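Shared between the two complexes below is subunit A, which pairs with subunit B and subunit C, respectively.
What follows is the complex of A and B.
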């Protein structure tokens, strides 16, 4: 088990290295520069700026210097937000994004899981059809629509929550629901599918033949196998929930990390963009590792080798 | 009074507007300590009969238009789900065809065994564990205290079927229903499992309903046999009568398709021509007539009456006296 984790961590580092290298190259090859503006900047100023960020050196030297800095944990300076380091920006914005993400995740798992399980147990009844229709709506309605709708209802019509901004726990609720609903819908559908497959299996018939109550059959015998597809989905889902949604954070005007993804790309803010990519990649890789470990705990047939 | 008395059991399924008559009139009795075999090809209604006794047919699409299942004086057809759960696994147990998929891969053998005792006999986990280990040893699992902590995938096919049998016997049921318990196992393991079931029948006095399509297996196991074809009971007899003087052409055909070691020049085996009929589109008259070499116009026109040949001996065929 420990050996398995160690081996996978080495893999994570290698993958991360490849991701950093490719992103670095792609970002630099893309036309445009952080200093291109509508009005031309004097040549001397431009040279000075380039020197400040080390862009005057050949690309391979910049690359090795960047890798060296990343290993030391230094993600460089932001170009757009001058005099702020990328580390600082991420340190301030990521926790806010993660707060929203965490609540969204709890909401998504709770609603998706219970909804999906009920739909599976009551397959082809009005419960099933109702819940799956709601799930279908959940998948089809993106935060771009659900966000303003939630504000309209729960901030303006019923003044329970603030429309936007940051400060109290109340600011987190609406963005979390908006962000989590799509995931809740996916989880509900996956749970239903997984549970249905298990409920039809022979060992569930055995459990019924033993005289277990329907509740015990579902909770004790069907749930573990039924959630496996959900666990697989959760790895990448948690990663993208945790680094935030551009749309949700723009709509609710949350000072999170999501908008930096897009802004940094538009502004050619090389180091900030790289920093955001690295954070996302680390989340994704570690959570996938976590999913594989979780699999081993849920399904005893899986061995860590 | 017999332990189990099934009268006019019918189990139908509603499928896309069609009614599929999976079991269409089955009657038999089972005395305490007796072993009754149900034989027939795939799709003849053997398994559905047994799942109906346990009331394990999903409703809908399944339903029971007629029939009563009297077990120890109670009609199981009249019990609700909760009352039925008290009987399942406690007084009537069932073992299934495929031991590979019939045990829960996510739970240890211990959990799967002890929960039966916990629900039916209010045993604590510790008491249940002791009983479970004893019974695992009884069914021939060596090193039971260690093995019980393992998961099903750590057992071989034959060992898993032993675990299934142990699970079924935990509460010392009056009746054990075995649905093709040896079909998925290889021949040497088959013999061991059959031997084990015979021992348990003798030692505990457990009555057994034994479902199989293997005539060789029923010959050595059972006291009486029910032959089913296309959901209907076509012949019922004591095992010796059935093998010596089969009355129904279908029984006869089943018997001639068994390979035999005691006849030197047997030539080729005689298979039954054709396939079992589609239950949603049965042939007119006797369902067996398209495959029967004695069939004539009468067979095509009407389903034959059951002819009581003697006590406990019945055949449903127009040609029974031929």
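What follows is the complex of A and C.
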């Protein structure tokens, strides 16, 4: 197993390198400059700005320098926020995003898993139809809609939560629910599907034939089978949930990392954009690795090769 | 659910009938903070906190109360008045200003603030290393441009006339002959501006030029060196007297230096951080040293900034607030929600989504006010058929601007075909005819496109924003209906659009210009032939000449009529097609006093205070407390 992990880690590093290289190129060949504005920027100032960020050097030199810095853990200077480094901005914003993400995840797993399990066990009853209809709504109502609705009811009409911003546990609740609900819906459907498949399988029939109680059959055997597709889904889902949602963080004006995926691109804040891409990529790659490892524990049929 | 629903409805009813609201105002009217505090929305995290670099409204709003300038714009009259400078004298020729500065001014760390700080700050503004995108504003200071553009200073010559300039040009080696030569007899310097598109080639040429001259090609005692800040004609005569010589009399100068980039900055602090290799860190809350009414004391990136009253500010006794909290909200919808529940007392320019404008009109705490900014379409006059002025006139006259303002924008913008707004620095607008489809049709026919026949395919570009799209669609339809021509419209991402503008890759492009100072010069000078902000390709010698004359005209009335004359040329030639003059809208809680509508959207916290009567709800006579600034 250690060999498996080591082999995969090498893969992770190579993939990361490819991602960084491609992103670097795509970002740099995009037309438009981080320094452009309505008012013409004086040539000398433009030169000074380019020199400050190292853009006066040939692109390949900039690339190698950047790779060198990334290896050292230095993600460069932000261009838009002129007195901050990218490391600093990520250090400030990522934990906030992760707080929302973590709560959203708990909400999603709790609601999704319980809902899906009930629906599967009570297949084709009004419980099943009811829960799956709600899940369908959950999938179809994106945070773009659920966010403002939550604000309207729980921040404006009922002043229980702040409308936006950051600072207390209250600020985290609405964004987390808004973000988590879509995932909850997916998880519910996946759990239901996974469990139904298992419930019809031979070993469940054997378990029932052996006279095990229905509770034991569901909790000990069916649930475990139901988890598998959810785990597959959770890898990338956790990664994207943890680096933040552009929409949710904009609606709730959360000082997290999500909005940078869009804003840094619009601002041509090259290093900040690269920074958030790298963080996302690392999350995604490591979580996928974790998922693969988890498979081995959940499903004995899967072997580490 | 059956039990929860009535409870929910009940709470909703209670929430809506709570006492801290009033039908005349949007949301709560009772302050949520102590009476010596104010909460404002900043519109987002600023790009810069260094005054010299300020170029956007957010950075401007968050630095305004921290750094005094020599003059300020009076919040009500909107005319320049003294601030750090108490008075100033003007020389006979109108080019030399002597500013007398306050003697009681101190930096927030206790060090006296003097004329030397101003000298340092203005020279620093011109230094390209400061990376101020507004540094060109200081070109008006004698020899400012020579320093800013990195020219070569030549000393040892005597006459400073055309013949001598020609002599220099003649003696330069062939590959260096295209230098621009200027001189300043007072400092006995010539300035040679080397030109080259490529930065490295330019540097090489400059080095070569210095080497050649020092070898003696102009004469044995004639020397050359890179231009330093020393030649810039701004000088501290003593601690409290600042002398400055301008290129031309430029009567707008006193108003212009109220702009943030001209704020004195603390040399002793900046140099300390420069020595550490991270100059930008001096603006952090833990490091910053200020001169104004408030000092940044705490900041949470993208959340808020907290400012405390600066007890060493020279008008500290008049400042009534002790603390200001600026909240960073980036989008209109969260801004509006936060305002409603009292998370901030007044909002930045983007107060609420535009579709709420009819709703907001009902409330007394929504402001509508004129702004000194113009929305226009610029024509690329180097391209057919827009090189024909009749086509440009026709396109411009065929746009029903009033309909655009009334039906799309609805904020009380002023439809106009002119660039300079009525009343700006005393200006009387030339009031060109705004809409005349019949004449437009005739002009187009004269240009060879009767009833739009064979009109070439042209494209209107604008940056991606719903409002711009609506206007472009309206214009497209008006041109179709009035001129029977079809133009394409396309939206582009902002920085890509700017890129296209810079290389003149457009037929027609949407743009806007905001006044930097309250004088017609701020708008008209954009369209000078040599202006780097003129992207239309339009050049007019008569226009340039009139603008040049205005720089030297001392009589205010005559100067304004020169501007009018220049604008008549612009209106006739129509290299741009103004559509409307902007108006602003924002929300301000009724308990905030000392805040006034501003043409340039600038609001200094130092005048503001909280009317305590509102803590008990809407007072009997809300306007009994007069809303006036101190002094």
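Methods note: the second predicted complex is superposed on the first by the 305 of 305 C-alpha atoms of A that agree within 3 Å, B and C clash if a C-alpha of one lies under 4 Å from a C-alpha of the other, contacts with A are read in each partner's own complex, and residues count from 1 in each chain.
By definition in this document, a contact is a pair of C-beta atoms (placed from the backbone, for glycine too) under 8 Å apart; a residue touches a chain by one contact, two chains touch by 3 or more.
Everything numeric here is computed off the predicted structure, so don't read it as measured data.
Visitor: Looking at the overlay on subunit A, is there a clash between subunit B and subunit C, or do the two fit?
Guide: fit
Visitor: Could you say whether A:225 touches subunit B, subunit C, both of them, or neither, answering first, second, both or neither?
Guide: After superposing on A, A:225 lies in contact with subunit B but is clear of subunit C.
Visitor: With the two structures laid over each other on chain A, which partner does A:15 touch: subunit B (first), subunit C (second), both, or neither?
Guide: neither
Visitor: Of the two partner chains, subunit B (first) and subunit C (second), which one does A:62 touch, if any: first, second, both, or neither?
Guide: neither
Visitor: For the superposed arrangement, I'd like the angle with vertex at the C-alpha centre of subunit A and ends at subunit B and subunit C, nearest 10 degrees.
Guide: Vertex subunit A, arms to subunit B and subunit C: 160 degrees.
Visitor: In the overlay, work out which of subunit B or subunit C sits against more residues of subunit A.
Guide: After superposing on chain A, more of subunit A is contacted by C.
Visitor: Tell me the contact category for A:166 with respect to subunit B and subunit C: first, second, both or neither.
Guide: After superposing on A, A:166 lies in contact with subunit C but is clear of subunit B.
Visitor: Looking at A:210, would you say it contacts subunit B, subunit C, both, or neither? Reply first, second, both or neither.
Guide: first
Visitor: Under the stated touch criterion, which partner chain does A:202 make contact with: subunit B (first), subunit C (second), both, or neither?
Guide: first
Visitor: Going by the contact rule set out at the top, does A:240 touch subunit B (first), subunit C (second), both, or neither?
Guide: After superposing on A, A:240 lies clear of both subunit B and subunit C.
Visitor: When the two complexes are placed on top of each other via chain A, what is the minimal CA separation of subunit B and subunit C in Å?
Guide: Between subunit B and subunit C, the shortest C-alpha distance works out to 31 Å.
Visitor: Give every residue of subunit A touching subunit C within the complex, in rising order.
Guide: Within the complex, subunit A contacts subunit C at residues 31-45, 47-49, 52, 56, 80-84, 88-89, 92-93, 148, 151, 155-159, 162-167, 250-253, 255, 259, 266-268.
Visitor: Sort out for me which residues of subunit B touch subunit A in the complex.
Guide: These residues of subunit B touch subunit A: 54, 56, 81-82, 85-90, 93-94, 96, 98, 101-108, 115-116, 119-120, 151, 153, 164, 167.
Visitor: Using the touch definition from the top, list the residues of subunit C that touch subunit A in their complex.
Guide: Per the touch definition, subunit C meets subunit A at residues 8, 11-12, 15-16, 45, 47-50, 53, 55, 128-129, 131-136, 148-150, 199, 280-281, 283-284, 300-303, 327-331, 333-334, 337-338, 340-341, 343, 493-496, 498-499, 502, 511-513, 532-533.
Visitor: Please give the residue numbers of subunit A that touch subunit B in the complex, ascending.
Guide: Going through subunit A, the ones touching subunit B are 201-203, 205-214, 216, 220-221, 224-225, 298-301.
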